[in-house]
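I've put the structures underneath this note.
The same subunit A turns up in both complexes below, where it pairs with subunit B and then with subunit C.
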Partner chain A sequence: MPLRDDQIRRYARQLVMRDFTGAAQECLLKSRVLVYGEGPPMDLCVLYLAAAGVGDIHLSGVRPSVLDLIWRAAALNPDCRVHEGGRGLRPDYVIDFAQDAGPGAARRAAGALRAGLPYLKVLRAAGAAIMKRWREGDPCPGCVLNAAGLKQTDLLNPGETSVSGPAAAAFATLELAGLGVPTHNALLMDADKGAYRELAATPLPECIMCAELADGR
Partner chain B sequence: MANERSASGSTSRKLLDLRGEVCPYTFVKSKLTLEQMAPGEELVVTVDYEPSSRNIPKSMRIIGEEVVSVAAKDDGTWEIVLRKA
Partner chain C sequence: MAAFDPKEFAVPRERARVLVAGAGGLGSPALAALASSGVGVIGVADSDVVDLSNLHRQVIHVTAGVGLPKTASAEEFLKRSGFGGAVLTFQTRLDTGNIMEVVSEFDVVVDACDTFRSKFMLNDACVLAGRPFVHAGVLQFEGQIMTIYPERTACLRCLFESPPPPGSVPTCQEAGVLGAAAGVLGAIQAAEALKVLDGKKTTLSDRVVAFDARHMSFRTVPVSRDPGCPVCGTKPRIDSMEDANYPPEACD
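Our next item is the complex of A and B:
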């Protein structure tokens, strides 16, 4: 269905880009994204996805402020529907903000890969965030953190919050719109220094979670 | 939007009246219309917002589309002829 006049106005700032066609916008409007986790970076990611015109966003995970986020997204863009829960959903894209680099994250990554779904994981460390689009044969999230020499943390850094959420939304938006797959190397964003670099991590032979991920369990 | 034959009669032309629109919507609507057209087809865009008479051709060249002509009309509008690459 062609874009309506109000949609052309709403999405004009991305439709001006050469490769961002009307068909790409229509793809976004039909797409379903499942988001795991909670916290300010995830909230920002959801709002950026909503602003870009993702049709349905499903939030998986219990959080007290979910209604507030749903209202904010709806106010931002009436084309976007935000839902609580994602059980039984067949999404087009999975973004994982859960503060977990252990077995839970490895299982979610394996589940997404088994189902053939794009899986983007955001790992938080002190003052930094790592973002990685997983593929078969990749190390587990814990080993990616180790490769960066970082330890997982619950502490939030304002810079990291403002960077990782929108960056994850941008990666997902471009891929859902058919404008390319982001790098499979982990992208380390050092919010304190304002620096970015790519990490090439490999599975560790002795890591049980890497083995589970490789087996797709 | 209307259709007409080009002056030579060899190619079909679509007419897009964007009077009353401003940037960036003039460019975006022209771009979306061109996306639906076949290579070689021409789109005649009419605007009455002077910056659009400069911005549409400039942006179209950037995205690789051909700008055939830009002409100021006596009635305060501009006619921009684009050809789908």
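Our next item is the complex of A and C:
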């Protein structure tokens, strides 16, 4: 479906960019994103996805302020519909903000990879955020957390940085618009320490979750 | 340069006054993050009204607010977000006549404006008023950020003596911007402003962090003060706000 006049005006500043074609915008408008987790960065991520023109966003996970977020996204961009719950959904993209680097996260990653879906994971700990787009053979979320020098218990104290929200939205928007996968490297965004860089992560020997993820195809 | 203690610029959160200069692509994520930070006062300066073409990146505004002043829309957002402090709005163009007075009211300034002219004006006003500030710029898929402690760490003019000639660099309107890329920079700006208020040593001062969303990569470049800097050097040429130092933008 060609873009309406009001859509051409709304998305003008992204449509003017080379590569960000009308077809790319139409891809975004047709796309369905499933988002796990909660928290301020996740809210911000949803708003950026909505603003860019993602068609449907499904929120999985229990959160008290869900109605407020749904209202905000609709008020920002009526082209985007935000739904509560994602059961039975066949999304085009999965973004996982759940503060979990254990078996649950490994299972979600494996499930997405098995279904051939892009899976982008965000973890926050002690004022830092780690973001990674998973692919087959990658270490599990727990091992990536470990590579950043962080432990599972650090996830209980995420700190107040919100940079992972727009970062995840930028990543997903580019990929959904057909502009490619920005990177498969894990990214460390440590706002507290002022460190922003790639993270070299390798599977810990005998990690059960890594093995599970490797079997996930 | 002698080391300095960032605690010099620390202010308790509940008493802290933060100015966000610009309620657009950078200001939106900065304000969203500051709303829950517990600062005492948030100032918002912007002379524009909300336009439909803003909404792909300026996520604090809403479609029903198209045509409203961005300052009013931003204030509405802060209230709705449960921000408990005071909001000061400046629905005016910051210029050489009023900028010193405005920035002097605040403890830290977030440069979220969208023209080189405004950025250099803000740089000079903050240096002259002795206010720390957080610079950022974004275009297309890329942006950069640096925190400046006046006369302690490198300022914008230590790196670039003057704004680029009008027309030599495309504007956001001409070149476009990925909304969420502005989101990344603005969110980092808010984190930096809070670190300044907390007196932390880990701010992005004397270094520029460049971000490229297309490759999701960050690059950190160390920089340092220039003794010949026209505003913070040993013999500064700029010691007050004069229009001659800020050539008008091509398509203002």
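Heads up, the rule we're going with is that the second predicted complex is superposed on the first by the 204 of 217 C-alpha atoms of A that agree within 3 Å, B and C clash if a C-alpha of one lies under 4 Å from a C-alpha of the other, contacts with A are read in each partner's own complex, and residues count from 1 in each chain.
Definition applied: a residue touches a chain if its C-beta (ideal position, glycine included) is under 8 Å from a C-beta of that chain, and two chains touch if they have at least 3 such contacts.
If you're wondering where the values come from, they're calculated on a predicted model, not measured in any experiment.
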When the two structures are laid over each other on subunit A, do subunit B and subunit C clash or fit? fit
First (subunit B), second (subunit C), both or neither: which does A:L3 touch? first
Looking at the overlay, what does A:L187 touch: subunit B (first), subunit C (second), both, or neither? second
Once the structures are superposed on A, label A:T21 by its partner contacts, choosing first (subunit B), second (subunit C), both or neither. first
When both partners are placed on the shared chain, which of subunit B and subunit C touches more of subunit A: C
Of the two partner chains, subunit B (first) and subunit C (second), which one does A:R13 touch, if any: first, second, both, or neither? both
So after superposition, what is the minimum Cα distance from subunit B to subunit C, given in Å? 5
Overlap of the subunit B and subunit C footprints on subunit A, residue-wise? 9, 12-13, 15-16
Which of the residues in subunit B end up touching subunit A in this complex? 24-25, 27-29, 31-32, 35-36, 59, 62-64
Quick one: in the complex, what on subunit A touches subunit C? 6, 9-17, 20, 40, 44, 47-48, 50-53, 72, 75-78, 131, 160-163, 165-167, 169-171, 173-174, 179, 182-183, 185, 187, 189, 191-194, 196-198
Subunit B-touching residues of subunit A, taken from the complex the two chains share: 3, 8-9, 12-13, 15-16, 18, 21-23
Touching subunit A in the complex, subunit C uses residues 29, 32-33, 36-37, 52-53, 55-59, 61-64, 140-141, 172-184, 186-188, 190-192, 194-195, 200, 202-204, 207, 209, 211, 213-218, 220
